[in-house]
């Protein structure tokens, strides 16, 4: 019998970097978790233990820090492209580079002004925005670079204007129809671009606001409908975006059964649950 | 040989509740994780398997939901006191009740106004504030009720005006002195009260702002000094508070050694780390 | 502009089930976390909020429990196939079903025998095997069913017979070559089958033992080489398997620098780290 | 107003160490997560930012690694005592040291023997035992050293011989009595010693087996009764132990309601849940 090594890749994950940019006394920060993966001429590493073409993952890690120093890191996308180019141009055994970056978000602390005047953003102190993250993937194969961006962990909840009715009833159905339920989801959205020259940060802020506006204002007949409406609005408004995928786990808030104690629950008391959860996913693209 | 059951308690943990309060079309929400623990005349449960005095933890859970319906739940402290009283008054075998509540924080979503006018807070849609939590503990022993409140997971970072110098050097010292480092911590603060009639929500907002103001504005010579300064300011400003404990893990951001590649690191490139971490704790009280 | 819904799927995740099988006084248990995803004629759910073809995810959940009662659940693969068939046969709007199951592993507790005789496995008491899991994916598209199986979280460590040498040195290299290092990884392996009639549980046990044997006995020149050797041995021995993918994160144990204190570290004192970590992945298949 | 610093302590947490001991070709490993906390004359650090008496937490970390090299680390207790002594003897400003250690457990990999003979334990390759951990706390105040040991995360489940009946029924009771339920818990047990010369590892193995034997063999009328029986057996058998505390979260496996579909659930199909959970705690000591 003989065996074929049909695919392989390797790299470094979890390279955490904080870049501080100091313009006068106002500091900007960018905190990233960088992942690098390489493909290429690495068969003999596997089959013979021949490491002569291996760029060690430890060196990838060092390189990320040095390049973060060299590059302004205005956006994770631009930094990711810069990293990918470096690895492919400096390693001729490499045919493909994948960079995946997660950005941890920090907001400026709003401090009390002098003499208790209005709050002001502080020049060098920051507070975490929590689990919400920015992400990007850069795939650099030979001469082609593809970029996608995204938002992870945007956790939202609405207390009305969401329902779920008229679905299939079969022998295992116990769910009650409702035209008024709590709807909570942790949105993940990932999109790719129609153009190469993009203001990534601005696009991302626009997508984020569309997600929030749609979630809040749209009267939802199902998670699917809200997801579709969100994607459609993004494609309507952001001409830089060619395709968007979204995932909306339905984080169920179950109505507690007060009725068993003779009390009416007017959509006031809910049990937040983590599992099981509905998982709704779709991809939308522009019709050319 | 004989054995003494020197202490015992039991209860329900992880009772998650969302309470929605609907005043006209503007909704308020309170999401809590409630823990109930009872002490009392329960020796025979252990020694003989005699359950006749046991209030099942499942019943505690149901009770939490019913009482959340009955009570306005303006603050977790008031709701916790209400819960504790219920359990002690309705179970004569119980000598002590401990209620611990963690509140998950939600902010209103800021939505785009009509015709792209200024953003406005939405009446029934919310976004998670992340890992920051409010907590309270209520201990109700016979007729005495003691209340403490707190903040968990307030994650902050400053990029300058923090140093650490003049410490002991011994044979295992390798740390370099610095008058300019990144300082990041996830603040936990817990306080107890000098008075019984307290606007808990307002006190907590004041403490939170003092923590943020002190962290941002105080030039730190050590985590200890920042922690002390924070506690002192709280006791200065909040006359309702008699004692405050705080914990500040030092979430180290290590300067990456660019020097090994002939590049100077002017406090620009750091390695965020989770462990090991310094842990600094102190308790301050008012001198009577 | 017009928008195309290019892909969509939905289902229930995190459906946790314990099935207890009682043969005489000896009990068997199977604990699973089941995920169901459907594709099909669901466009109008998204575009019009028309739910008439939607099987609610809550009904999927109920169905999982009922079918777990009906089916013997000897292996997660057989149960997954049974589930997939049920959904596709009972929902004509559905064109594809994906079932993903994670099995939590329990071993029998070994109890002290009568009169302190040798330990014996207990008939109805179990102890968790920790983070190691069995997984399977069933994809049922129209008439074609494909099955893959896997192992997750098999965490191992060896203290010698692992090295890493002769790799590329460039201007950002700082890693030292070594022919003797600690090697630790949390193996993930996923394989698909050459045949339809398979004793899934037996194959999985064989793969697991090959992973352990190879990890322990193979003198590793790189993670890649160990991974390849493992995959090759699996394909050599398990004729039921047609293809195997494996992922081996390199969970670095860094040599602590005792030299700075004039002490030699003869590979005795290491710093276990979680991040960054190397990530090595490959896929092997049988050459036809 | 004036403020009193009523308590303070500081130290390093999360110092992870792997110690490899090589006797001939058979290697032993000990993986620990070490926490050091100091109390003493540190008021001016807080009030004046005067660091002259501060042993940096970074130095504590280095010291842990050096001392792990010096000491055989046969047990975490002996190593913890050694560490505590070092810090108190070398820092006259320190009045109290607390060392807390968690040990991650590794078993030898059982490899296939030559010519497929019986499995044998491998001399230098290990597999993780999962979430179960050993712990110890050493408190060294001036001349007094107190030691406690424990087990964390011992996750067990039994499918019968557990019931819960005859408890209080009140207006919020919905739980059904049962004489046959699934009982699962993640045991935490912590004990202190009657003597100073103790074989810590042997005592811990004995306690662990008593926990498992009692859980498996005892017919449980309540979690409380099982917990008490466990503690009583430990005090009966382990004369080195003077006091034991245990915590048994009741990890509920809920009977799925098959009855709503006309199917009987003969204790076969359960829903494993993480929250809410019962939490049962008690402390037992020897009656002198």
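Residue numbering begins at 1 within each chain, and the chains themselves are lettered A, B, C and D in the order written.
Rule of thumb we're sticking to: a residue touches a chain if its C-beta (ideal position, glycine included) is under 8 Å from a C-beta of that chain, and two chains touch if they have at least 3 such contacts.
In this text the structure is predicted, and so the values were computed from the model without any measurement.
Student: Comparing centres built from CA atoms, which chain ends up most distant from chain B?
Tutor: That would be chain C.
Student: Is the number of contacting C-beta pairs greater for B-D or for B-C?
Tutor: B-D
Student: With touch defined as above, tell me whether chain C and chain D contact each other through largely the same residue numbers, more than half shared, or through different ones.
Tutor: Same, since most residue numbers here occur in both copies.
Student: Distance between chain B and chain C based on Cα centroids, please, to the nearest Å.
Tutor: Centre-to-centre distance between chain B and chain C: 37 Å.
Student: How many Å are there between the centre of chain C and the centre of chain D, using C-alpha atoms for each centre?
Tutor: Chain centroid spacing, chain C to chain D, equals 28 Å.
Student: Give, as an integer number of Å, the spacing between the C-alpha centres of chain D and chain B.
Tutor: 25
Student: Among the residues of chain C, which ones contact at least 2 other chains?
Tutor: In chain C, 16, 62, 66, 172, 174, 261, 274-275 touch at least two other chains.
Student: Which bits of chain C are touching chain A when the two form their complex?
Tutor: Contact set of chain C toward chain A: 1-16, 35, 37, 42, 45-59, 61-63, 66, 90-91, 164-168, 170, 172-175, 220-225, 227-228, 231-232, 235-236, 243, 245, 249-250, 274-287.
Student: Could you please specify the touching residues of chain A with respect to chain D in the complex?
Tutor: Result: residues 171-172, 174, 260-261, 274-275 of chain A touch chain D.
Student: Per the contact definition, I'd like the list of chain D residues that touch chain C in the complex.
Tutor: Chain D residues touching chain C: 16-22, 27, 29, 31, 62, 65-66, 68-69, 106, 109-112, 122, 124-132, 154-161, 182, 209, 212-213, 215-217, 253, 256, 258, 261, 263, 265-273.
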